[in-house]
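By written order: A, B and C. Residues from 1 in each chain.
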Amino acid sequence: MTTLLEVRNLIRTFGALNAVAGVSFSVRQGELVGLIGPNGAGKSTLYNLIAGAIAPTSGEVVFKDRPVGGWKPYQAARAGVARTFQIPKPYRHLSVLENVALSAMLHDRSVAAACESAQAILADVGLADYVDAPVGNLTVGLLKRLEVARALALRPSLVLFDEIMAGLTPSEVKGMTSLVAGLPARGITVIWVEHVLYAIMKTAPRIMVLHRGELIADGAPEVLVKDPAVIKAYLGEETSVA
Amino acid sequence: MDAAPPRAKQRSGRWRLLPERGTVSLFELVLLAVCVALVAAPLPQYLQDVVIQTFLWAGLALAWNIAGGFAGLISFGHAAFFGIGAYTSSILAANYGLTPWIGLWIGGVLSTAFGAVLTLVCARLRGPFFILSTLAAAEVVRIAALNWATLTGGAEGFSILPIASIANMVFESKTTYAALMLGYFLLIYAITKTVEGSRYGYYLFAARDDEEAASAAGVNPLLARTGAMSLSAFLAGIGGSLFAQYFLFLDPTHVISPELSFQFALLPALGGLGTAIGPVLGSFVITPLSEMLRSYFGGAAAGLHLAIYGGVLVVVMLYIPSGIAGALQRLAEHRRKGTP
Amino acid sequence: MTTVGQLVFSGMLIGGIYALMSIGLTLIFGVLRIVNFAHGEFLMIAMYGAWAMTRYLGLNPYYSIVAIVPAMFLFGVVVHRLIVMPALDKPHLVVVFATMGLSILMQNVALMVLSADLQDVPPILGGRSFTFGPFYAKPELLIGFAVAVACTLGLRFMLQATYLGKAIRATVQDGEAAQLMGVPVPRIFLITFAAGSALVGLSACVMMPLFSVFPTVGLNFVLIAFVIVVLGGMGSIEGALLGGICIGIVQSLSSYYIAPAFGQMFFFMLFLLVMIFRPAGLLGRKGEATLGIND
């Protein structure tokens, strides 16, 4: 399997704060990798660095063997990197369908074709009933699913999920989990930040643990659970693993 | 601010009753018929003037709306584009004998350049910072026009020779002017509807609603914005040239004024920002009203109609932010929900 | 050489007065995150108020401060309640258009009700110039500048040392957190807006001896105020003073060496330059202009 994404010694500082303090890892095509860590560990910053929302202080991100060199988010999207936002950012004046169709328009040049693609994806994530709804009426859980739909509509090679389970009922979590688990088979590589640990521990064959901007563990869930560094990082947090 | 998002399913046949994104509605067809009738009808001269100005302002409001409503680039400086267009074609006609039919395109291009540069220069500015920049830029243009008297005639103004001929784009018959302005208005309306239902239009809406999310979805926000402002400036500039040919007199204090810039924003705001029909409704309501107030109250009306607009704008913005178009949409929805 | 020095000195004085006029605007932006597009018209009615008190009551503008400032405070309360507050929870363009509409309304009501003629107050302090070191200046200018500086210092003291001041600073930094900490943010908004209006009243009284008033005078001054606020950094009081002084000097020098009309144009270009290179202004928080307003 070829390497899709490689992060080399990535550093991002904000003043005196080392948000990302020298992170290196690589993700191969078709992998499903979880990314966990306590609050403030630097996960969102890492996503922003990979997806082009901010530029690194030093280090590099290499996607499909090409260094991305401080690219902009729209360049990342066009290259095949999709991401969701931890706090959903829907287009307030567009309907649910149009929100997703907008992403689909990256590949579908006509509005009609994009809307068709969007319909299919909305059905996938279980939002078929909300197709014409204005986004103002949606709950957080529904908005998170909208985020997932928008990311998938970009037909990405790599998708960065940011806490997509928050606000979902257990059965919805199940549905979303099997959706995510099925993505590698569809040719989509997944990096998945999540706080709902039981979902991610059961599904992701590989998990990375970020703590204070550093990668402190990277391996199979069963191994991680016993890792003293990981346990220490999470001290005080609930880490029930089914 | 859009009216409610389009309903995919409708009870009646293929025709939509009210304007919607991407299709032509009965409302618009009826309005078109009315406009043509207004041009063809043998109206008294002063009413023809009202018709001419209503069509012109419908076009200008639509032009503003592409930047302000679609892209979210609220500008209180559009009079600059208007003025650049007006003065360019008029100066070229007067000094070089260039027919305004060509001159207006050059004016449009200059306005476009100004608009594009302004947007690029203010690329990082949002909200009130951007708005103030448009204000400042328009003032720079006005003061330049005022003081560059050798070129523009300065405060004394610039007269266009009233020699009627097609080549001069000066006409004896007001009906011809009405047709010209109607053509301008319809052209911009067609452009607006096309953009509204196109991929580019959606990219503008997305960049306006949430720039970060749009960028993550593959939209280049700066390019989209610059394109929108450029198109808006271009169309406003052409409107300026047409105005010059009709009014036959230009002076910076009236043509590049903050009051005029306000008018550009007022009409779409009242009619419904971000829709195609909104600016049209705004002009069709406000422009005749202005003329009526002006003729009723004479000199005192200098303040009155603007005072009323100011007050109405405050009320509309606070209580019916989606304007006349939005109110109509909501009415239609109420009625639709009411029928069993 | 002395000419330049004199020009700079006069520019500084008038700049300080411009700054006084702008402090309200920057304070309102810092706390409420809105730009009051009717700011110029607030100045206009306050100036008419000061003029009227001179004309009909024989009170010179400096004494009128006692009446005008509270009156403008009340006016600010009314405008805030009626217009600003309902607009705050809506998309940002609502408050932009609403204050713009208010501006047009006020300008034109003034045009209809009052004469369009320029109105002045008769000279109060003898009309002679004082010598201030190697420079000379009209006493009205010196007084105005002194008031501006005193006001800036007073505001700074109030912000640092009083509970209200701390509450305001907390709201500026993080309105939500402040509210969670028990700061009555809506009341802070009201007080700040009204105070901004009162400050405009103060500056009107100080400006009336120096400028004429007419219904659209607000437009001239509001553009100057915007430039000053942006130059100094939106939300920074000291920035407004600094920005004002810069603008005053630029205007003074360019009016003399180039042409009075171009004086105005120059500081618009200065404004645009600031927007390009340092949108946060001299003393503003970096990134503020690029973040703009959060809806």
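A few remarks follow.
Keep this in mind: a residue touches a chain if its C-beta (ideal position, glycine included) is under 8 Å from a C-beta of that chain, and two chains touch if they have at least 3 such contacts.
Just so it is clear, the structure is predicted and the values come from calculations on it, not from any experiment.
Ranked by how far their CA centres sit from the centre of chain A, the chains are topped by C.
Relative to the centroid of every protein C-alpha atom shown, the closest chain centre, again from C-alpha atoms, is found for B. As a whole-number value, the distance joining the C-alpha centres of chain A and chain B reads 43 Å. Separating the centre of chain B from that of chain C, both taken as means of CA atoms, is a distance of 32 Å.
For this pair, chain A with chain C, the centres built from the Cα atoms lie 48 Å apart. Residue positions 1 of chain B each touch two or more of the other chains.
Residue positions of chain C touching 2 or more other chains: none.
Counting partner chains per residue, chain A shows two or more touched chains at no residue at all. By the touch rule above, chain C contacts chain B in their complex via residues 29, 34-35, 83, 86-87, 90-94, 96-98, 100-112, 215, 219, 223, 226-227, 230, 234, 259, 261-262, 264-265, 268-269, 271-272, 275-276, 279, 289-293.
Residues 51, 53, 72-74, 76-78, 82-83, 85, 89-95, 97-98, 101-103, 105-106, 109-111, 114, 131-132, 134, 150, 154 of chain A are the ones that touch chain B when the two sit in their complex. Here chain B touches chain A in the complex through residues 1-2, 4-8, 22, 197-199, 202-203, 205-206, 208-210, 212-221, 274, going by the rule given at the top. Across the complex, chain B meets chain C through its residues 1, 72, 74, 76, 121-122, 124-133, 135-137, 139-140, 143-144, 146-147, 258, 262, 265, 269, 273, 300, 302-304, 306-307, 309-314, 317-318, 321.
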